[in-house]
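Structure below; questions to follow.
We just call them A, B and C in the order they show up, numbering each chain from 1.
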Amino acid sequence: MDTFIQLTVDALTLGSVYALIALGYTLVYGVLKLLNFAHGDVFMVGSFIGYGALQLLGGTSSPNVPTWALLTLITLAAMAGCAVLGVAIERFAYRPLRDAPRIAPLISALGVSFFLANSMQLLFGATPRNYDTFSLSNGALYFKGFDIGNVRVPLLRIITVCAAFALMIALWFLVNRTRTGKAMRATSFDREAAAMMGIDIDRVIVFTFVLGSALAGAAGVMFALRVPTQVSIGFIAGLKGFTAAVIGGIGSIPGAMAGGLILGFAESYTQGYISTKWSDLVVFSILIGFMIFRPQGLLGRADIRKV
Amino acid sequence: MSDSTPHGSQIPAEGPAVGQDEWVARHAERRLLRQGPLGQLQERLSRVPWWASLVLFVAALSLLPAVESSGYVRRVAFDTVLYMLLALGLNVVVGWGGLLDLGYVAFYGIGAYAYALLDSDKFGVHFPTIVSVPLVVVIGAVVGFLLGLPSRRLTGDYLAIVTLFFLQLFQTLMTNGDSAFGHNLTGGPNGILNVDPFHLFGHSLVVQHQGVFSVSYYYVAIAFFVLVFVALRFVNRSRTGRAWRSLREDPLAAESMGMPVNWLKLMSFSFGAATAAFTGTLFAALNASVFPLTFYFVLLITVYTMVILGGSGSQAGVVAGALIISPLLEMLRDTDKSRVIFYVALVGGVALAFRFSRLLGIVAGATLAFGFAVHEVARAFDHSWVAGEKASGFPGVTAHWVVVPAKLATWIPPTTYIGLIAATLVLTMVRGRLRLVLLVPTLYLAAFVWENVMLAKPEPARFIILGLILIALMILRPNGLLGERRVEIV
Amino acid sequence: MKKAIGLALAVLVTSVVAASAQASHRVAVASTAINCNSKLTIAFVTPLTGGAGFLGNEQGSWAKYAVKTLAPKMGLKIKLVFGDTPVEQGPAIAQSLAQKFVANKNVVGILGPSTSGAVAASTQTYFQAGLAHISPSATRTDLTKTVAGKLEGTPAFFRVVPGDYIQGPSDAHFMINNLHVHKVVILDFQEPYSLGLADAVEATLKAAGVSTTRLSAPNTTTDYSAYVTKVPGDADIVFFPTQKPGDAQTFAQQLLEQGKKAKVFGGDGSNDASQFKVPGSYVSNFAPDITGIAADKGLIAGWKKDNPGKAVGSFGPPSYGAAQVLMSAIKKACVANHGVLKSRRDVLRQVKKVRINNWILGGTFRWSTKSNDPLNAKFYIFQIQSNGSYKLVG
């Protein structure tokens, strides 16, 4: 029973990070019908920005600000940095290709992903960067928490999951209750019609990228708080986030959240109960199964192509 | 090899005669004819039959070992021929079928592993080459077919994802294959070693003689290349090829015309996979070993860059792409050569952009002057700022032009690199005089970044170049060097 | 536009041709005599970029220091060049590098390859070319000893550190005799180094009746939560033969987070006091901390002067040693052949005859007569103290 609880806690933490990344994919796919392969690398850059901000603020062993302020500041720094990066990528790698055949921005995205990952490796090397959250407040984030049965749920995980959910709720609110959100939804439904209705498409797309990349940056920091980050995590994180988006239904925001959580659970339970070696395989098989039998995912709309 | 250029016809020597129907009728053709002596040369060249060009090309390739006796150069040439084969195969799927297959190198790996399993001590079987190579090709075709089956209903993006996941799946399987249900099937991360070399016409081809790459494999590779090139060309000129072209241009229209779209997709997957598997056998035999990590994302992007650069859809194009990228990548590994490549590319790029106009002289002169000035100022400030290590090979000019500090502070590489990217992006946004003015310091900054930041780590640097080439190609010239400009009908 | 293509092609081709004309590799490798007074080249094949890049850079700095200080003393002019084998690209890249160095007639010896996989991939090429390759860190057993009927190394491969066949059992015996373990979890990372070490440890522990659980993580794993969950609450030790000290740190922290009592026991790959410092953990290494060896004081001071701000790691000193051995072999060959080396095999023949007093890792260095490993090499076990320092315990 303990194992089950522990695995569930792991699943929730993992799942919320995946959900944040998946949201970025879904948002961009919604408005541009483009799979942004570079998104995983934006996530990776976010974790590095968080590391840099952490060092600027004194590092975890002797921070200049109280813990909660430290965590908030580095998350905000990562979100801002990634938003800028996302806008730059959109402006220079995707915008010129908006009317090109669908294959072109995909390949461009591959190139951007490759470029980002190798640039980070060139500049910062491949050594893992450890936030060393353990030293923060003498390990308070690890040792304090509440207990479920025999299993202790550390404060760090609670913070991660709550923060992720808060961001998701904020996003949902933004998309469904504000005018900008309405513009985003309109653009994702039919870009040309939205343009004819007077919506500034470029603005909306930039805004979408800002949102998606900021979420990826936040996910990067949350991820790196528990696990050392390195340049190579971008690719895998991108694949997993993408899987989550597709499972939930690409183009659907609640779908991305659901997909992320499902993926987190699938991975955690497979690793725990079946075998750690084959967990990747199981995840990919789930994805391929979805793509073959239900390409619109759980909550997505079946894509009707008009001739 | 595109068929779209019309053959020039006789132009009436008397000049335009208004009212003559024939002259008016041929006006469009004439407009497409190239002019000038260079143009006439190109016209003549385009009339050379394809097989003649192929023969000439193969002859040139085969003469290489006579000119270069270094085992290393021959090895690079061999690798280039392998890349040409891979590019030809990918061309079938992406260029002719129009399907974005991101799992292509998995077939390469399947071919290599299959050959290794059939011809090594792993399971103790040693099939003769004449049996195992065709068998591997068949295996590749079958697996390609099987991968194509679930992908029939998927459109562009989804297909890309499924194939990418197939690549990841292959990687995971091969890496964990050393404990699949308790049996060591694939050697896991240690790979399979001691793979047999090819046995042809009685004797086995020695892979290396005293450590030096044996040239016989190079000739086998060229033979493979000719075989694949000719075979694929015939397929392309057949009904299947024409059907592929229509499928690529507009799948919906093709389907409404009654073409077996699904079958065609499967065929293109199969052919591409078979070619990759064919190449895989050669790779495994030469290296006498296979490891899983070779067949992964980096290789995929490399082959894609070659295909896109050359022009997807054109066989000659993708071969040219491989011919350019493969030695380029290898040379970028070496500091001296990559320095030379950078400067030639910089000068060439600027010359291309300004096309021998007056502006070229202005920009070139300004950049040189700017550089010398900065160098002198830096030297006056502090000698150690320009006292950095310079490898032999490009003395003189650049030594006094680029600032290479002896010791680089840690904040310099990231700042200058990001600064260079920002400057380049800004350049694309401004116009006119401002652009020219900003170009000069940007060029100098580029030289600085190259010398100090990128040459320090050639491995990621060369992949950065690859990624940049891909992005630039897609934005500036998606049809590559020799491909045709495509218009997607949505 | 077509003219532009022509120009572009011309530019590219020109740059390619110009670059290839730069370095002339036109000379065949056929036996041309090398004068010992000319500049001889040694190539170091190690991962300089990628996940194990810290390893290559550390080893490189010590090798450079060795060449700088020892070559003049031996009367040799040595140039050190590097070949980069990032671990993410697999061992195949070592093969093309091998071709490159074989073709370069000035190369008389090879340092490395540093990773066991790269050795397996390229040792045949070096052997056939008669190039001695001395590795400071490739510890896989079957590179010098026959395992299950297979020997993957060649007579031209040497290493100056003991192999996993010593590290594995020595770690296991420490666990059995000093730590009195009953239950051990063993992890491997699906790559050659950890697989070999994990297998060796598992075999010895099982033979002694200790209950073992074996887990396997992909090399790209960063989040070990699921593996930590699988560690039984009553396990004593988790054997963690990683090549990334940061991962050992993460794992140990996550063990604490989940309240497990098991301690992490790392191999020589996890040896880095700046990254792995959870108190109570163990690390095994092929050398004691050389800052404690009196004879090395001058050496360390000199290295630190050349590399300000860097700490003395555990992978660096063996590279110094390997370079020393290689250069000694070159010197012996030059002396034996009266100043002119007929071929690289002359150097290869002398390697086994090298003996070094005041070996950087302590004591005297001698080759074992039975294999290309050092004689009487042993592994040292450290425990991480509460202040993060490493204390020798076994």
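Quick note on the criterion: contacts are C-beta pairs under 8 Å (C-beta built on N, C-alpha and C of every residue); 3 or more make two chains touch, one makes a residue touch a chain.
Computed from a predicted structure; not experimentally measured.
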| query | Connecting every touching chain pair, does the picture come out as line, ring, star, complete or other? | reply | complete
| message | I'd like the most central chain, judged by C-alpha centroids against the all-protein C-alpha centroid. | response | B
| note | Of all chains, the one whose CA centroid lies most distant from that of chain A is C
| query | If you average the Cα atoms of chain B and of chain C to get two centres, how far apart are those centres in Å? | reply | 34
| Per the centroid of Cα atoms for each chain, what is the distance between chain A and chain C, given in Å? | 37
| chain C: positions in contact with at least two other chains | 49-50, 88, 190, 216, 218
| For chain A, what residues touch not just one other chain but two or more? | 121, 277, 280
| Where chain B touches two or more other chains, by residue | 172, 176, 179, 457, 460
| note | chain C contacts chain A in the complex at 49-54, 88, 190, 215-218, 220, 222-227, 229-230, 244, 246-247, 249-250, 253, 256-259, 275
| query | What residues on chain B touch chain A, complex-wise? | reply | 94, 98, 100, 102, 150, 153-158, 160-162, 164-165, 168-169, 172-173, 176, 179, 252, 297, 301, 304, 308, 413-414, 417, 425, 428, 453-454, 457, 460-461, 463-464, 466-471, 474-475, 478, 486-488
| query | What does chain B use to touch chain C in their complex? | reply | 34, 38, 42, 68-73, 75-76, 79, 172, 175-176, 178-179, 188-191, 193, 208-213, 287-289, 291-294, 296, 298, 320, 324, 327-328, 330-331, 333-334, 336-338, 340-341, 344-345, 348-349, 351-352, 393, 457-460, 481
| For the complex, which residues does chain A have touching chain B? | 33-35, 88, 91-93, 96-97, 100-108, 110-116, 118-119, 121-124, 235, 239, 242-243, 246, 277-278, 280-281, 284, 287-288, 291-292, 295, 303, 305, 307
| Contact footprint of chain B on chain C as seen in their complex | 2-16, 18-20, 22-23, 25-29, 48-50, 84, 86, 88-92, 95-96, 98-100, 102-104, 117, 120-121, 124-131, 152, 190-192, 195, 216, 218-219
